[in-house]
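Consider the two complexes below, in which chain A is the common component and chain B and chain C are the respective partners.
On to the complex of A and B.
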């Protein structure tokens, strides 16, 4: 078997305790792998450490949180890598789409410029070529009239359009792994479906792996090959999604599935 | 977006007047050699033309050395506004740089910068500058810019630090970092443009603070040295004749008051225009 694209081994994340108190564990030794091109769902309730997991992979944990363990991505030990090395990987090989597209975009910058910034941050010198690439990318993620919309500010676009802009930024440099942290939670249901479809279309086209982090079993059930369930800082389930849905092993996973079973069945 | 703020600013009568006065002062300073009717240092007849009241020949009168006060006020604008602009630019740049450094680096750097601001802001600026000038002796205008500007960065640093810290916590900065933007890129492309409006206000306020500071230094004889005219030292020449030659006091004071007042009005209206913008989308 090929080496996995991402391999997380015994990842622990601790929140600094207040004034000498013992640190609070957020993740207590999480291990899993993601193969190239694979779609993996990370399911967990609010506060189960999903977002901290996503941020730790990027090396962007807030200062009060510390990560231990090993994260291997394309041969790089991410937790031990230098800041510069991690920065060079972020956005280029390893990208992320955040939950709330309005706050994740700079309100003062035209969206086309923000996408073009991505290329410039990774060494593109020619601003006009960067802008052209940005407009192309915005078209490819399905933003209608990309040329015109690129000149708009975030608040002038709809939620779905903003999420497409974020996706264009994340995909611009053709990453090997895209982390999507609740990419559809801020959107209404019809737009959710569109964005998920788009995500999968782009994934297939690029052969990119997708780590879809969500609390929404419906989203994960319909789109992921494999499901990882986080509970209480541990991985309690790591199985193919169909198996997870039909026969969840862990009590918590079972509770999750039972809670939405009619919805999933009918889906 | 910024265009909205500009439009709101230009729709405001007070702001237009302030921009007009400051623009006129800058033009007067720039073209002083061509506008001024006389050489500002020429003493044509210290006996016959001494302390002549305003007349058609000398609209602002003459000083105790028979020099034309209008010409001196116009040339004084060059020196006073030149020193003020230089000092304002220096203090705003220094404040922005130190405030940004404190916010971005954090830790002990933030502690040192913030502590320094807290200590220095408690000291009266004029006294600090007077003490420094007195230590170094009389200074060239360049040194004057350095001293006045170097002592004025505190409030700008505070504003920029606070704004930067606010923006650093916003998700778009995290998103930019998550997609590989470096610190410098985030500072230049995201944070500085975000604080630009506040910097404009700070610059207007800094200008309002440094014009009287230069005037005060020159007035007590520590600033611009005669025969080079500045608004402060024209006033100094008039102090002995306060009761007999009002024009030596009124015109330079009017020049200082008008420019400072305009800068204050501009700062105030800028703040309103920016606030109006922030309430928008």
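On to the complex of A and C.
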């Protein structure tokens, strides 16, 4: 078997204790792998460390949080890599779609420029070509009238459109792994479904791996091949999704499935 | 837009009217008049002073003098400066450009330096660069401008002889010099007074700008910018600064009156013949028309500056915030 795209080994994240108090563990030794092109769901209640996990993979943890362990991505040891090396990977090989489409975009910058900036951050010198690439990508993620919309500011777009802008940004440079941190939680249900469909269409088209982080079992059940359940800073379940839905082993996972069973069955 | 402009104009006129009236009233309560000191010596008979007062109308009741002065003001006449033996308009015409140069250079230098310092502090948040500038700008805010001016004058001027300690130009036949030499000479004389004023501006701007930047650095879109793989300087300058600079520009407008006040002291210390020094001399000489004109002009300057910075700040604030 080929080496995995991403391999997380005994990842621990600690929050700095206040005034000499012992640090609070957020993740207590998490291990899992993601194969190229695979879709993996990370499921957990709020506060289970899902978002910290996603941020630590990108090296964007807030200063008060420290990560230990090993994270291998395309042969790079991420936690040991230099800041420059990690920055070169961010956005180009490893990108993320954030939760809040309103606050995740700079209110003072046209959305097209914000997308084009992704290319400029990774060596594109020609601003016009970067902008053209951004407009193309906005069109491919289904933003109507991309040429015109690219000149708009974030507040002039709807929540779903903003999420598409963020997705265009994340997909622009054809990353090998896309992390989606609650990509649909801030959207209403119909838009949610559209965005998820779009995510999967783009994923199939590019053969990209997707790590979908969510507290929403429905989202993960309908879209992920494999499900990882985080509880209390540990991985309590790591199985194919159908197996997880029919026979969850861990008590917490069982509780999650039972809570939404009718909805999942009908899905 | 037009309505706003008219409203602001009316507001400015009202402020000037209130200031003019208050200064006139306050001067009535101050002891003395131009003739209390102008004709020096105890041997000047009281009748001579009385004659002078009568000639210039100082024996009239205050109400009538106020009416005469405002009447002249409306006709665009500022009066005659007894202490300078020139029309007030001419005195002001000479002095005002010099003050505008001094304050303008100090403002631009101080603003640029302050924003630059705040950017460095944000880039190196909680490291030694941040702490060092934190202490320095606190010192700059706490230290009175005249102390900075005197220290600069003593060390940079007198001890090390890098800059002239006073005046606006070197002695000699300046008119015969080439233009660029005159400009260099002017800037050379400007360095210490403008530097002393700029230091105070830079310190205040840096402290406010740093706080505003650090607030913005916690926003989600900063995280997005970092997730793109942008370098930290790019993140700060392209994404944080445009969202953090609006309030600081507005602050600049509010700080301008105190800057003009600071300029009075600085001009006095460095013998810079601008409005500040003119006002100072006019006060000592009880040159009422000149005092009133100077104060009125300073008020006008402050009002105009505030209106302009408000307009600029409104243009610069995040677009989201302007949504209803």
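Following the convention adopted for this analysis, the second predicted complex is superposed on the first by the 267 of 267 C-alpha atoms of A that agree within 3 Å, B and C clash if a C-alpha of one lies under 4 Å from a C-alpha of the other, contacts with A are read in each partner's own complex, and residues count from 1 in each chain.
Here is the rule we use: contacts are C-beta pairs under 8 Å (C-beta built on N, C-alpha and C of every residue); 3 or more make two chains touch, one makes a residue touch a chain.
Remember, it's a predicted structure, so these values are computed and weren't measured experimentally.
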Quick one: on chain A, after the overlay, do chain B and chain C clash, or do they fit? Just give me the call.
clash
Please indicate which partner A:98 is in contact with in the superposed arrangement: first for chain B, second for chain C, both, or neither.
both
Intersection of the chain A residues that touch chain B with those that touch chain C:
58, 60, 87-92, 95-96, 98, 100, 103-109, 117-118, 121-122, 153, 155, 166, 169
Within their complex, state which residues of chain B touch chain A.
1, 170-172, 174-182, 185, 189-190, 193-194, 281
For a test of understanding, state which residues of chain A touch chain C in their complex under the given definition.
58, 60, 87-92, 95-96, 98, 100, 103-109, 114, 117-118, 121-122, 153-155, 166, 169
Can you list the chain A residues touching chain B in their complex?
58, 60, 87-92, 95-96, 98, 100, 103-109, 117-118, 120-122, 153, 155-156, 166, 169-170
Which positions of chain C touch chain A when the two form their complex?
219-221, 223-231, 234, 238-239, 242-243, 318-321, 323
